[in-house]
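One structure follows; several queries about it will come next.
Chain IDs A, B, C, D, E and F follow the sequence of writing; residue 1 opens each chain.
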Amino acid sequence: MKINFIKPVYAHCDLPCGVYDPCQAMIEAKSLQAILTKYPGLDDHAKQRAIIIKEERAELVKKHLMILWADYFKEQHLEKYPNLHDLFWQAIKQASKVKQSLDIENANLLIQKIEEIEKIFNETKAS
Amino acid sequence: MKINFIKPVYAHCDLPCGVYDPCQAMIEAKSLQAILTKYPGLDDHAKQRAIIIKEERAELVKKHLMILWADYFKEQHLEKYPNLHDLFWQAIKQASKVKQSLDIENANLLIQKIEEIEKIFNETKAS
Amino acid sequence: MKINFIKPVYAHCDLPCGVYDPCQAMIEAKSLQAILTKYPGLDDHAKQRAIIIKEERAELVKKHLMILWADYFKEQHLEKYPNLHDLFWQAIKQASKVKQSLDIENANLLIQKIEEIEKIFNETKAS
Amino acid sequence: MKINFIKPVYAHCDLPCGVYDPCQAMIEAKSLQAILTKYPGLDDHAKQRAIIIKEERAELVKKHLMILWADYFKEQHLEKYPNLHDLFWQAIKQASKVKQSLDIENANLLIQKIEEIEKIFNETKAS
Amino acid sequence: MKINFIKPVYAHCDLPCGVYDPCQAMIEAKSLQAILTKYPGLDDHAKQRAIIIKEERAELVKKHLMILWADYFKEQHLEKYPNLHDLFWQAIKQASKVKQSLDIENANLLIQKIEEIEKIFNETKAS
Amino acid sequence: MKINFIKPVYAHCDLPCGVYDPCQAMIEAKSLQAILTKYPGLDDHAKQRAIIIKEERAELVKKHLMILWADYFKEQHLEKYPNLHDLFWQAIKQASKVKQSLDIENANLLIQKIEEIEKIFNETKAS
């Protein structure tokens, strides 16, 4: 993940009523990635806690993505990004996959999906 | 708010178990600022909604700051930043002040406090 | 009220892991409709409560619709119902409109959208 | 699935301020039944998730039943159904039993209790 | 305030799995009483906040009472206190009345009901 | 259990807007102690549930302590109790330690920390 695509993320906290930012979903996704990286080395008790926390964090990813999709994006964005609906649907389903498995690859793919959303989000903010 | 202090914020999403980031509190604080900026121009129904949303967002600021204070910061940080406890306490109390009034100045001060926390946070991540 | 109409309701509750049912969103939408019907006749205190409850219920509609969209529906449903994404998006945005106004027509339109979703849902359960 | 059986379901959704429906508790109870049916065939990770989800869903059953008992039912219902208090108490305690065990029989009994509540509920709506 | 009165408070906190205490409901009820005492002297903005907080606190009273009723009390308590079900039902309904009005008398009656529950609770702990 | 010890408990519940009481944190901490006392004797399913409940209760301890620290305590208390910030920080970190281990000693230490807070709280109420 390069620093340069992150910059614009912060530039857009000045929205009129709501302040949307894909970094809310990204922070939770990074947390899921960190949990799954550490998982194999954990003791039994910590492993059980990891699964509880994984459920919670993946749920938060879904919640943040859904707010972004339903509240931030408008008709005009859909015209420019016709795959927007499907991208969000895939990202949210990917968060469910992180819940359903211990494979870190699922967290990596989730982060990729959120990066795609961030890219579009930043473009809509810049224009 | 300058772009340059934001950059490091993202650099530290690679923590082992938790992924902490003051931007979670900042996003909610910016939202409070936006709500209070718009408030005078709102109609009656929207004004009532604004107060409901203000309660929720200020509560989220408090929650995110408390997690940062209690979970991220360690003994060694306190030694280097002896005013850390008080800074968090002031910031959280400032979030309560945003709840208690309609004066945008309270939201501005809240954002300043979180910027101070961000600065320390980024220094601890850089070192 | 006869027992016999109740049974089919739960006939679509036999999914393997989750039990999905658009009636969860519908119950909250009907509640929004009831709140807005009563609103003009309420006293000042009750009107303030109505707006608080309207926020909560509309949020629940959004949550239940999002679970249905992201967790229940699969690729094969999308092929058969290509407007599914947009239907959910419109329904969820309609729930936000109920938050933003006191016009009962918004609640009526929300119920219509959920009825469309129910129709598709029931067809997918029947097949 | 026919459209016509859906309508009556929402026929008891026309209450003045709140819209009560035992199906909210029933959906979660059916979900508990589904979880416990699948449990023996699950792998270790899925078993741990099942217990987390079972806690949540059983809690939702309790919450929905309590709202129904405390908010929907009135003095006149108690006169006609003198065992109403105890029926709810038994149903809610049964939800706790589902939390405490992996025996599907507890979920079956929970569903039976909610069916008894539904029967009374429907009678009160019809009268 | 003397140390010696604090100890007995936690004397009824030694239950095997859960630690029940009517003081959880009582603290919220006292808060409702305090809110309604202050209400007439508040400015407009604070009055709106008071109603939001009143909704939340009354909901917490209901939740704590329901846990006590459903989780703490057992068959043998019902035999000794045959009005237990109705007492809880009345107390919970009283919490709803606090939501529905600005009359402090409703908060006072709620506290009385919780005191009755406390009396029974303490007797069951002493025996 | 005598009635007379209950009264003083609510003697510190007469605050103007909020009603603060360290017993809210203490009840949850006692519950954690009870869970860890029972843990070794539990079967596998109950052990998994214990860890889920332990997460929730420890989170509640943290939440109640944070409210007390940020909302109840004022500048003048800090002057008299200069270690107040650190005491809360240690107590909240101790709650995290209860999450992270199965050692009952962590729950015992948590209770000790809350007792220290209670002592200060009671002194501030008495003065």
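Throughout what follows, contacts are C-beta pairs under 8 Å (C-beta built on N, C-alpha and C of every residue); 3 or more make two chains touch, one makes a residue touch a chain.
Just so you know, these numbers come straight off a predicted model, no measurement behind them.
The chains in contact with chain B as well as with chain F are A, E.
Common neighbours of chain B and chain D, listed by label, are A, C, E, F. Of all residue numbers that take part in the contact between chain A and chain F, under half occur on both sides, making this a different-residue interface.
Of all chains, the one whose mean C-alpha position sits at the greatest distance from that of chain B is D. Ranked by how far their CA centres sit from the centre of chain F, the chains are topped by C.
Centre-to-centre, using mean CA coordinates, chain B is 34 Å away from chain E. If you average the Cα atoms of chain A and of chain B, the two centres end up 21 Å apart. For this pair, chain A with chain C, the centres built from the Cα atoms lie 25 Å apart.
Of all residues in chain E, those that touch two or more other chains are 48, 52. Listed by chain label, the pairs that touch are A-B, A-C, A-D, A-F, B-C, B-E, B-F, C-D, C-E, D-E, D-F, E-F. Within the complex, the chain C residues that touch chain D are 1-3, 5-6, 8-19, 21, 23-24, 26-28, 30-31, 34-35, 38, 118-119, 122-123, 125-126. On the side of chain E, the complex with chain B involves touching residues 45-46, 48-49, 52. Only residues 62, 66, 69-71, 85-86, 89, 92-93, 96 of chain B touch chain F when the two sit together in their complex. Only residues 48, 51-52, 55, 99-102 of chain A touch chain D when the two sit together in their complex.
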